[in-house]
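Note that the chains take the letters A, B, C, D and E in the order they are written out, and that residue 1 is the start of every chain.
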Amino acid sequence: MSARHFVKYTFLKMDPAWRREPAEAREQDKREFAAACEDFADGHLLQTFSLVGTRGDVELLLLAEAENLDRIHEFHVVLAQSGLMRWAQIPYSFLGMRKASEYSAEERIVPRGLRGRYAFVYPFVKSREWYALPAQERWRIMQRHIEVGREYAGVDNHTIYSFGLDDQEFVVAFDTDDVGTFLDLVQRLRTTEASSYTVRDTPSFTCIAMSLERALNALDGEPVALAAALPS
Amino acid sequence: MSARHFVKYTFLKMDPAWRREPAEAREQDKREFAAACEDFADGHLLQTFSLVGTRGDVELLLLAEAENLDRIHEFHVVLAQSGLMRWAQIPYSFLGMRKASEYSAEERIVPRGLRGRYAFVYPFVKSREWYALPAQERWRIMQRHIEVGREYAGVDNHTIYSFGLDDQEFVVAFDTDDVGTFLDLVQRLRTTEASSYTVRDTPSFTCIAMSLERALNALDGEPVALAAALPS
Amino acid sequence: MSARHFVKYTFLKMDPAWRREPAEAREQDKREFAAACEDFADGHLLQTFSLVGTRGDVELLLLAEAENLDRIHEFHVVLAQSGLMRWAQIPYSFLGMRKASEYSAEERIVPRGLRGRYAFVYPFVKSREWYALPAQERWRIMQRHIEVGREYAGVDNHTIYSFGLDDQEFVVAFDTDDVGTFLDLVQRLRTTEASSYTVRDTPSFTCIAMSLERALNALDGEPVALAAALPS
Amino acid sequence: MSARHFVKYTFLKMDPAWRREPAEAREQDKREFAAACEDFADGHLLQTFSLVGTRGDVELLLLAEAENLDRIHEFHVVLAQSGLMRWAQIPYSFLGMRKASEYSAEERIVPRGLRGRYAFVYPFVKSREWYALPAQERWRIMQRHIEVGREYAGVDNHTIYSFGLDDQEFVVAFDTDDVGTFLDLVQRLRTTEASSYTVRDTPSFTCIAMSLERALNALDGEPVALAAALPS
Amino acid sequence: MSARHFVKYTFLKMDPAWRREPAEAREQDKREFAAACEDFADGHLLQTFSLVGTRGDVELLLLAEAENLDRIHEFHVVLAQSGLMRWAQIPYSFLGMRKASEYSAEERIVPRGLRGRYAFVYPFVKSREWYALPAQERWRIMQRHIEVGREYAGVDNHTIYSFGLDDQEFVVAFDTDDVGTFLDLVQRLRTTEASSYTVRDTPSFTCIAMSLERALNALDGEPVALAAALPS
């Protein structure tokens, strides 16, 4: 059990006033933020996504994974020191842990990054009616749900568990290179029996995978070369 | 499938403090924003609407369409560079894709702008009871819904799909020259069977179609001529 | 149909920082706002109410009526030019149209201002169960509702329609000189059958009718004489 | 009927930036606020409570009573002139009127202040199912509710009516010297039949009765003597 | 009964602008805040937790316990005097009292701090259907719930009562050294009968126990030695 990792989704939104700061100050702010990320990425999974153009309430997603909560905490303390966080809010934040599913043989404990060009992330809560069903009944319903998912190739599921740790029960993430196929899958899943037990599956974030350098430069449109930027 | 386009609704609200900036600064801010729009509009569908006077929480709507998500992203990165976005928030943002309807033969894949003087836009979510109905039953119910719509001439429907991409299932838009007829239609549709499966259809935005130049000048009431403004 | 007018409720809230501006600046801000109002009031219905002391989230209500949406838009563009709107938010905004009721013979198409010393305004949404009832059944239920209203003299109803134009279905307004009678009426109406089909009837605004001059001066307590202020 | 008074609960929250102002400025801000209160308290019921330490969203409660709405309005206009309101928001505001209860012979029309050391205030809305019950049935259910209340000595009820005037139906207030007894009473009342008809009874405010001087000084912890401060 | 203590959870969030202040100013702000805490901790239970990295909306939790409400009030007045509170908001605040449970023989009246390395806190509201059950039936359901809890060693429950004092009925807290075991417990409890009576159990806060010095330094990442910092 001790091997189960923590996974953290941190969504950032810049104060528009930051864009009124001098270009050099913004460049420095980005460099400090990137340095904090590089430090953490040395030994931990860290991925970056841009939401500029896909939503209005967040602009950057950091997806971090660590062996314990204290390491996640320390990473965010170092981030808070960077100039960028002097102008940023964290409108959404999801904390969870890896855990094997009772419905799927899929490997979920081993750290594994999102591989597609796009990621879709949402907090997920099921109704208490769902949990009141016999385990065998839940298993049957989920098998059908999983079967439908298998019909849509190239869409990969990543689900972590948040029971008691955060406001949702699960953080669900999918990655894919083909947005249209993912949209078709989600619409198709609306008709499964499992779907009727959903209480909450929003907000739903469309995230574009890119290097930290590109994701940071998307914040103000200024192309600054960040020497040791994380690989995408 | 690869031909399905992305459609993005971006609603802007200016910080009232922007109106305290000198007139020349505001003029420059608008010019930079217009330049970003012109760049995108060269080869892509881009329409502008004003919401000054129809709502209190947003003032300008950009409706952009592109062949992939990355082009939508790039457009918003360039927008973020403009002076205007140093004083703007994006209180609402809807992302979706074109997709053929299972209930209507109407052509929905081909890019098509809103043609009326007024547009009405809302995010739309149906109940899970709806999706639990047999496909044939849903088809029957929607035919009656569509028939009622046909009785109201001059109101054109534009619906895009957001399943998994954003917080809603659909973004519904109507365009018309006659607001009263649209109001009568919506009131009439409340009594259809389809209507009882609605979970969410707000916020509901009344948008006035106009050139980017007019829509930008409506933000502070200052009539600035923007050389290469987009045609209405 | 073209004769149906648009009605707009615009609720304003000043940034507390505005009260830290010099008195002359605030006086100028009010004069510019009043000038915009006078311009519109020349040929259009425009009424002003203060909410200072009745609510905490809004301070001033403008009730404007015009023959088309573009005139409403233009009025708000001119308002945005005034100094006052450089420090104001619009926390609530309701847009609707006049329309004859299917349940009442009362004249609702002809422009008609609120006459009482107090106005009570709220957005109104009925349940889909209501709209699923046969028209005859809805008519029967509404007759009883209207009868109860007639027992309370001196309370006048003004209802406009917002289907598809805004987040509510109706904007309901009552005017009266006697607040207590209105309160008694609303409590009494809770027991009618019609009441059980209400989904939303808040926020509920208590508005005090007064001249624009008095309503503007209530914002900061500074008695500035506005030469051409609107009559109450 | 004309004798029924208006009661107003105004909850204030200071901008944290106010605490960065010089001590003399803050002292002056408090004096002006106190002067406005003294003026109103001369002839009207006005009570002050602190919420510093009991909640995070409000810090001060003014409870004002007047014979008409215009006097409540004027009081808030004068408050707005004070320096304190240049840094304050009103996150919650409840307006209502005194009215005799149909379930209790208790005197509710005569102006009566809260006497205990602590007051508990919440907006209250009942379900439409409640109002659909026969009056006799509602009377029976309320008698049992009132009986339970009588078992808890030293807790006094003050309820005003807001139907149509504000977002709630009632503003319920209790005063007591013994917080634990009040908590026990509320927990006990959860099991009465009346309780099942509650739609909304939050936010629930714990208020500490104190003189205006003490309540103002609790805002920034600076002990300023306010000459003519209201008695507690 | 008079022995029942008050327990207060105060969650803080710094304005990002605070991080733009000079290092010496921030150091001074922390020292003043620490001094206020030390003063209260002399004779009262006071514990500190960091939420940097676990949530985006709060950063620091103070858990204070006192024999009466006035002492809780005074503590927050002194806190408000510190430089730190000139830049802080209190996005969440929970007030409650110790009280013996009717379902468990566990000692809950005696002041007792959280001992684990991690604490999990959430406001809790049960449905009115729960309270309508016979007491004996509620007792039976809770015994099963408690039995499940006992299967997960090393997770300790701390529940206080808020009926009438705050927006929730209970504030539930668990402490543990093993986050994974707690997550497993919460997921397991979803299937108990008691769980179906839950109306609200969010927001759910993951809190990392640490000394005040460390928790304050986590706010801006600057390691300042606070002489008389509270022991963890």
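Assume a residue touches a chain if its C-beta (ideal position, glycine included) is under 8 Å from a C-beta of that chain, and two chains touch if they have at least 3 such contacts.
Keep in mind that this is a model prediction, so the values were computed, not measured.
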Target chain E, source chain A, minimum contact steps: 1
Turn needed to bring chain A onto chain D - CA fit, degrees, nearest 5: 145
Between chain D and chain E, centroid-to-centroid distance (C-alpha), Å: 27
Centre-to-centre distance between chain E and chain C (centres being mean Cα positions), rounded to whole Å: 44
Shared interface positions of chain D, touching two or more other chains: none
Touch list for chain E against partner chain D, complex: 1-2, 4, 6, 8, 10-11, 15, 69-70, 72-78, 80-81, 85-93, 95, 97, 99, 128-129, 131-132, 161-167, 169
Complex contact set, residues of chain D against chain E: 16-17, 19-20, 50, 52-57, 118, 120, 174, 179-187, 190-191, 193, 195-196, 198, 202-204, 206, 208, 217-222
